[in-house]
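Some structures to go through are shown next.
Here come two complexes built around chain A, the first alongside chain B, the second alongside chain C.
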Partner chain A sequence: MINVIIIFIGILMAISAIFAVESKKIIDSFIALSLMSLLSVFLFVIMKAPDVAITEASVGAGLTTAVLVLALRKIGGDKE
Partner chain B sequence: MRRFLSALIVLGLIMFFISTLPLIPEFGKASLSKVSRAFIDKDVNGNGGNIQYGVSKDLENGAANVVTSIVVDYRSFDTLGEVTVLFTSALGVGIILSGYKRKKFGREPNFILRVSVGILLPLILLFGAYVFIHGHLTPGGGFPGGTIIAAGILLLYLSNEEFDLSKTVKFVEGISGSLYVIVGLLGLAVSGVFLINFLPTGVVGNLFSSGIVPIIYILIGFKVGAELSGIVAELHREG
Partner chain C sequence: MNVLNYIYFILVGFGVLFSFLRMLLGPTSADRLAALDTLNVVLTGTIVFLALVFKNGLYLDIALVYGLLSFVETVLIARYLEGKK
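Presenting the complex of A and B:
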């Protein structure tokens, strides 16, 4: 059962990573990256690494997204 | 149609996560592998016998969280370097984005944002402080705790036009970074080794245990929180 879940989350992570690369809008890439971090948090918890999970949740899913969005606003929005 | 589909996908994911949570073992009852068991039970004082949570005392390190004992005690010099890397990156952001004026939108932020920040901010700051004060007992530590505090500061920046913290941030960062080095030099003066754990380690599992580990993690928490808040503040300025 736990192996099926790990494989499923891995596939979801790969899908969101591909979406982050291929999406037309930059802001969609940020959301997809954040989703990938969130999924990897779940994977870390299953693999008994709670320290890494907390760090990934606060840095990867939380602050990185905010900093990226602020930087996007700084360079003048989502233009081609 | 697209919105309905995406809502359905999100709902499915949430249901999936909730249904898989019971698979995670209960606290303290995880079936550890042979390697983890051997590392946790290793008694470096040579007395033999297993280490019991809340009973054993005066161990070499005394942190209940094995990861913390490595990061902040045995490999503390690495952590000092890591903090320096973070400081350098914050410095780089500060040099590139050398704006000095806050960006003003000229209107009050959203009512919901302003009111909910007043309720949420104390909880966020409290949780961040809890994470880095209990770094040697529970998962977490200075780096995630500081990041959580920086997220709270970001909320404060978004909700208040007049809010400015850049002076305080630099002060806190400098003080906590120097104190980290001073603690290391104290170890050098007392026992002859830089950053050695020279305080008594106490009983495993107590808040006041494992010597200098909680002190250093509190300092790291303040330093990381101040640095990341500084990055957020720099990004929030008008270029």
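Presenting the complex of A and C:
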């Protein structure tokens, strides 16, 4: 049961990382990166590492997305 | 694990799969953001359910921290999408 959940979440993480690299618009890439961080937090919880999960949640969901979106707004959006 | 946990994880797996498909092939960025918010809510509830399964109260703190930070993240990306044009 646990192995099935780990393989499912791992496949979704790999697809999300490939989408974050290959996306056309920058904001879609940020959304896929945040989704990969969320799946990573869930995988840490499954593997019984709560302290790593708290650190990954505060860095991946809050800090990284805030810094990236504010920097994208400051340079004036994504132009093709 | 009893049979209720299997039913819960199968239903959550279908929800995560279809919401992930919407994140992959959504036409606009707003569809992808709505799918990401749905996944945030579903997986935060699943972390609370895992705190019940593992019988460990430390997992509730992860759900609390991630719930607050995912709200901030959704509001930031939505304000960027609103002020784009």
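Here is the rule we use: the second predicted complex is superposed on the first by the 80 of 80 C-alpha atoms of A that agree within 3 Å, B and C clash if a C-alpha of one lies under 4 Å from a C-alpha of the other, contacts with A are read in each partner's own complex, and residues count from 1 in each chain.
In this text, a residue touches a chain if its C-beta (ideal position, glycine included) is under 8 Å from a C-beta of that chain, and two chains touch if they have at least 3 such contacts.
Every value quoted in this text rests on a predicted model; they were computed, and no experiment measured them.
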Overlay on chain A: chain C relative to chain B, clash or fit: clash
Touched partner set for A:Lys74, first chain B, second chain C, both or neither: first
First (chain B), second (chain C), both or neither touched by A:Val41: second
Partner chain in contact with A:Ile5 - chain B first, chain C second, else both or neither: both
Which superposed partner A:Ser58 touches (first chain B, second chain C, both, neither): both
Chain B versus chain C as contact partner of A:Lys25, first or second or both or neither: second
First (chain B), second (chain C), both or neither touched by A:Ala66: both
Chain B versus chain C, judged by how many residues of chain A each one touches: C
Partner chain in contact with A:Pro50 - chain B first, chain C second, else both or neither: both
Contact residues of chain A, present in both the chain B and the chain C interface: 1, 5, 42, 45-46, 48, 50, 53-54, 57-58, 62, 66, 70
Footprint of chain C on chain A - complex, ascending: 1, 5, 8, 12, 15-16, 19, 25, 27-28, 30-32, 34-35, 38-39, 41-42, 45-46, 48, 50, 53-54, 57-58, 61-62, 65-66, 69-70, 72-73, 77
Residues of chain C that touch chain A when the two form their complex: 1, 6, 9, 13, 16, 20, 23-24, 29, 32-33, 36, 39-40, 43, 46-47, 50, 54, 56, 58-59, 61-62, 65-66, 69-70, 72-73, 76-77, 80-81, 83-84
List of chain B residues in touch with chain A within their complex: 17, 20, 23-24, 30, 65, 67-68, 97, 131, 139-141, 143-144, 147-148, 150-151, 154, 228, 231-232, 235-236, 239
Chain A residues within the chain B interface of the complex: 1-2, 5, 42, 45-46, 48, 50-51, 53-55, 57-59, 62-63, 66-67, 70-71, 74
